[in-house]
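Down below are the structures I want you to see.
What follows is subunit A paired twice: with subunit B in the first complex and subunit C in the second.
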Partner chain A sequence: MFRFALKNILFYRGRSITTFALTFISTILFIVYVSMMDGSHKSMLENALKVYTGAIEIYHKDYRDIGGNEYLIEDVKAITNKLSTIKGIQAYTTRYETYGLLSSKEHSAASMLAGIEPEKEKDLSSIARALREGEFLDEDSGNCLYMGKGLVEKLKLKLGAEVSFIGSASDDSFAAEIFKLCGVFKTGSSEFDSSVSFVNRTYFDKVMYTDNKASYINIKLDDLDNVDQVNEKIINILNDESLESLTWKTLMKTMVEAMEVDSIFGYISLALFLVVIFFVIMIYGFINVSSRIKEFGVLRCIGLCRADVFSLLFYEIVILSSLAVALATPIAAYICYYYSINPIVIEGMSEMYKDYGIVSDEIPFDFNLLTISWNLGVIYLLNILSVIYPYFYINSFRPIEATRHV
Partner chain B sequence: MYRIFILILTLTTVLTADEARLIIQKVDNNIRGKNIYMKISMKIVSLRHTRSMQMENWSQGSKKSFVKIVYPPKDRGITFLSLDNQMWQYVPKIERTIKIPPSMMLQNWMGSNITNDDMVKQSSIVEDYTPRIVKREGKLVTMELIPKEEAAVVWAKVVSLIDISTYTSQKDIFYDEEGEAVRVFLYDKVKKFGEYYLPTYWRVEPMDKDNSFTEIILEDVKYDISISDQYFRKSALKRFSR
Partner chain C sequence: MFKLIVKMAWKNSFLRLSRTLLVIIMIAVSMSMMLGIQGLYDGMADTMIDKNRRSGSGDVSIFAKGYRVNKDLQYRIKNADELSAEIKKIEGVKELVLRVKAEGLLSTARKSSFASMQGIDLRAEESFGDFSEFLKEGEINLEGQGALIGLELAKRLKVTIGSKLVFSTQDSSGEINSIALRIRAIMQTTNIVLDTNAIFIDAKKMHRFLGTDSSEATQIAIMTADKKTNDLLKANFSDLDVKSFLQLQPMMKQMQDVMIIFNSITFFIVMTVVFIGILGVMYVSVLDRIREFGIAMGIGMQYRYIRIQICLEALFVGFIGYLGGALLGALFLLYLRDYGLDLSAFSDALEMWGYASTIKGTIKISYFTTTFAAIISASLFSVFIPLRKIKRLNPIEVIKAEK
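The block that comes next holds the complex of A and B.
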């Protein structure tokens, strides 16, 4: 039956070439499109994580829901010592965040002031790269303040200007300090830029009594794909019920949901395209079968059963699909691989993002053999499904009736 | 007959509304007097810390208020001034007078469970709320206070349990816009100061934090005394800080 199928493929060249071409094109488009969609989501996520949020963050329970000094992490050094033993963690830093009033001589604004470890922060976030004026913080920057551009404009400040801060220290006592504006950043997120300032932790700890305490610990991973496994290790090693270790999937829930919605719409448009391809292949198959009713009638009369007819059609589509997929897959995989290494750059966006200094302008593809495999599976399945209707159509004729069909 | 019924109903509604307003005015008058001086002790208890503070407060009506921290030594000399819906703070450590923006009036004051607004008594229960009697039980009247449309207050509702024998509140529950109770003020140890009654023990409990409360004890209260106008000038912040 296999040889018979081969002969048919060669004999009905028009139908074979059309089926081959459609399968070939849809395989390439499907693999490349999914790779681009997954790659852009991954890139979006990595960019977002670069700004300030970590791949994993450790909090005292209730800090995120209730907040306040009651829920600071105590004895941070003991925790970070444990973190250093975990494989898969590339870097970590501790942050202390508080809210208070920042005032220039004339203006005041409620703001988040975060005590950070400047050297570690360079590795973990893009706030240092978002510098627009002045300089980023370092270990000796003392009372230097690194402030978002929106907040600088709100307070009408210039570099070197004094800024007073009042708020609550970690023991709930009153805290006040005079800072000096040393650097201005712009991340591109207007909300972030108009409400956040940073100061060196070593200095801030003395003002806020936060030595060996932190609002949370921010963690960067070697490979973002291993986030769940590493998080599991962290939870096991910390073994402290008062702490919670959360991955970016929880920390950036809104973004994850937006990406899921985007994926759904992406797959819907792709499904529509595949449905069209499926029907075109099926119609061509149907036309081909319709023109061979007499031939199938004769075959049935000389002893072929219904299962043999199905096998014939099945072998025909499998041979054509396999040839198309075998040719399309290396091409599609190469495209995915090439653009995963050399991402597409959108020039217009590039200028805008360079201005912000943070978000990458590249759209890398995702080269993943598992994804390519399931893509191929879908193409095969659709092609096989396309012979079902022609098979039932041909079997709706009785063999004698089919031999007389004109 | 129908008209008489409507007339009685209207008169009852008007009289009840007038009575509610009268009760609230008397409660407010007890809190403020013509002017008032208070020496206050405050104990702030949270999950991990307990702090004590002492302060003095000079107020004139609902528009002028001056507060000076006298204890602990670290915070001594911090002063607050509220004038016509604006608030300033002087911090001796940084020698700065800072204007508190209206957006921060509901932030916690000095780490306690009371807000900047509570501290300077900026919003007035008489001017900003429409009162309604909900329940009567002997000398206790439960009142519901709904903010007036134009009032710049954040509470969606305040329910107050008032003792009409002294016109002092025993309990105030503050609700947010979702109808959730956010915090409770409990009052006790009512004392008579001349013609005024005032609870001298206040306890503030936030509903979202267990084991967290603020106790306020009015150690000394003087009504209708002569308070110099100099307390209610911006220059007072630095001058009376010492």
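The block that comes next holds the complex of A and C.
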């Protein structure tokens, strides 16, 4: 049957070329489109994780939902000691965050002021690498402030300028301090850059009475793919019901959902192309089969059963699909691989979509063999489905009737 | 003669019923899907643009020079009331509102966030952009300490109706000033900037709080009848910063452009594939009847009549497919317009990006007219190759041939 199918493919060249071409186009379109969609989503998530959010963050329960100083993590050192024993954790740091008003001589602005451990922070987030002017914090920074570029512009500050802070300390008392601007950063996330400042924790703890306390503990992993397993270990080792350990999937739930919605729309668009192509492949298959009714009648008369007819049609479509897929897949895979290393750059995209958390002008593709495999599976499935109707059409004729068909 | 050709074309169109039906179904399904997708995407973009216009900038917004860069009260329009009276007299100006805005820190007893407080005149906002349509929860009431808060900001601060808040900012004299507020309503404008940052209070109270005069404003938002009025406003108030909606929201313009490009590419690809489908069927249909055409030409039928007949056959199939697609597409679009695509499972994400959880589609006549033109063109082009085949026929040879 296989050889018979091969001969038919060569004989009915029009149908073969059309099926081959359409399968080739749809394979490339499908693989490249999905790769671009997945790549841009991954990049958005990775960028967001790189800037400030951790792969895992440990909070006191209700800190995120209710908030307030009574939900700060107490005895942080005991917790971090336990974290040091867990395999898979590359680094961790503690942060204390508070909100207040920062004022220069003439201007004021609301800011989130975070007390950080500068050395540890270098490994965990991109804020140290985002330095644009001055210097990043260190253990001896004292009252140095490391401020987002947007906020610096809002307050019209220059390096070395004094900035006063008014807020409330961890014991709910009134807190005020004068800081000195030592460094300016720009991460690309406009909201972050225009609202956040950092201070060395050692100094900030004295101002805010937060020694051995933290808003949360931020954790970086050796391998992000093991996030759920490591989180499970953390929960077991901490064994403290007043704490919650959350992975980036929960911390960035809204963003993950947004990606899913975007994917839904992407697949809806893709479905349109695939459905139309499926119909055309089916029509060509049907035309081909309907011009061979006599031939099928003769085959049935000389002893071929219905299953043989199906095998013949099945082999024909599988051979054509395989040829197209074999040619299209390396091309599509190369496109995906190339653009995963050399992302497409759309100048000004991050500026245009800054409100949507886009911090990069690059659109990298995702090169994932598993994704390519299931894309190919869908193409095969659609092509095989396209012979179902022609098969039933052929079988609607009795063998003798088919041999006389004009 | 023509009547006879039409009759023959009609009958021949359905000579191979299954084949013709497959093409009709292909056209109808692909067209209805394409119309649905276009309507849905356009609906998303149009709704977003419309709500952004109504809740934010209008068609044109006027600021004092330097305000948009510095966002500082120092750069406010001092004689906004006189200006607004002058603007209202311009033909083509439909509505306008004055707004006062200040950025600062919004705090509950437990949480704080950056926020932008806007002093608004509810009545003016209602006639400007049907402000009450943005109500998500509660009651629009700015009396006393009443304030309305953007949906995402409310989520961030974990506040509900009745929650107390304190907003602190620098007033017009440079002093830090605070005001206590009580949430009366949560608003969802789908304008991402407003939903994530805005808190609305009464304009008079805002002026008192900031120490500004009621004749002043940081923004004058205007609804206009046409682009000519926008240009006129720009020319008349060149000493101020006059910006059109798309200048203030370049992302919306890009979104519109991306939708047009995306829909055009989709349209082109789908129509090309549809064309290939019709071409295949027409070609085989002609080959099946090649003897018939040879005989017809042999007994003296002119080629042009055969050409008309084949063109009509393709047009009949294309037109019926179009009718099916238009009907299915219209039903699809009506459903999307009236009920929308319910994505409430992802409401948090959609709201964060400024979309409602149910995305509604739109219907434009142009969807049907352009598709009609494309399908009819595809049908006509599809007979080009089969007709060439017939034109080259030697009637005698064809009659003698087996098939």
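The criterion applied here is as follows: the second predicted complex is superposed on the first by the 361 of 406 C-alpha atoms of A that agree within 3 Å, B and C clash if a C-alpha of one lies under 4 Å from a C-alpha of the other, contacts with A are read in each partner's own complex, and residues count from 1 in each chain.
Definition applied: a contact is a pair of C-beta atoms (placed from the backbone, for glycine too) under 8 Å apart; a residue touches a chain by one contact, two chains touch by 3 or more.
What you see is a predicted model; the values in this text were computed from it and never measured.
Partners subunit B and subunit C, once the complexes are superposed on subunit A, run into each other and clash.
Once the two complexes are laid over each other on the shared chain, residue contacts for A:L101 go to subunit B and to subunit C alike. Look at A:I66: by the touch rule set out above, it reaches both subunit B and subunit C. Look at A:T254: by the touch rule set out above, it reaches subunit C but stays clear of subunit B. Touched residues of subunit A were counted for both subunit B and subunit C, and C has more of them. Legend: residue contacts after superposition of the two complexes on their common chain; A:A109 is shown touching both subunit B and subunit C. Contacts of A:D193 after superposition: neither subunit B nor subunit C is touched.
Of the two partner chains, both subunit B and subunit C are touched by A:I166. In the overlay built on the shared chain, the residue A:E121 is in contact with neither subunit B nor subunit C. In the superposition on chain A, no contact is made by A:E57 with either subunit B or subunit C. After overlaying the two complexes on the shared chain, residue contacts for A:L22 are found with subunit C alone; subunit B is out of touch.
The superposed model puts subunit C in the path of subunit B at one of 76-84, 148-156, 166-174 or 202-210, which is 148-156.
In the superposition on chain A, the residues of subunit A contacting both subunit B and subunit C are 66, 68, 99, 101, 103, 108-110, 166. Contact residues on subunit A toward subunit B in their complex (touch as defined above): 66, 68-71, 99, 101, 103, 108-110, 164, 166, 168, 171-174, 176-178. Within the complex, the subunit A residues that touch subunit C are 14, 18, 22, 65-68, 98-101, 103, 106-112, 154, 166, 195, 253-258, 260-261, 264-265, 268-269, 271-273, 275-277, 279-280, 282-284, 286-287, 290-291, 352-353, 355-356, 389, 393. Listed in rising order, the residues of subunit C touching subunit A in the complex are 16, 18-19, 22-23, 25-26, 29-30, 33-34, 37, 40-41, 71-72, 103-115, 158, 168-170, 174, 176, 192-193, 196, 250-251, 254, 262, 266, 269-270, 273-274, 276-277, 280-281, 283-284, 288, 343, 346, 348-350, 352-353.
Residues 44, 46-49, 51, 69, 72, 74-75, 78, 89, 91, 93-94, 96, 98-101, 103-104, 107-108, 110-111, 208-209, 212 of subunit B are the ones that touch subunit A when the two sit in their complex.
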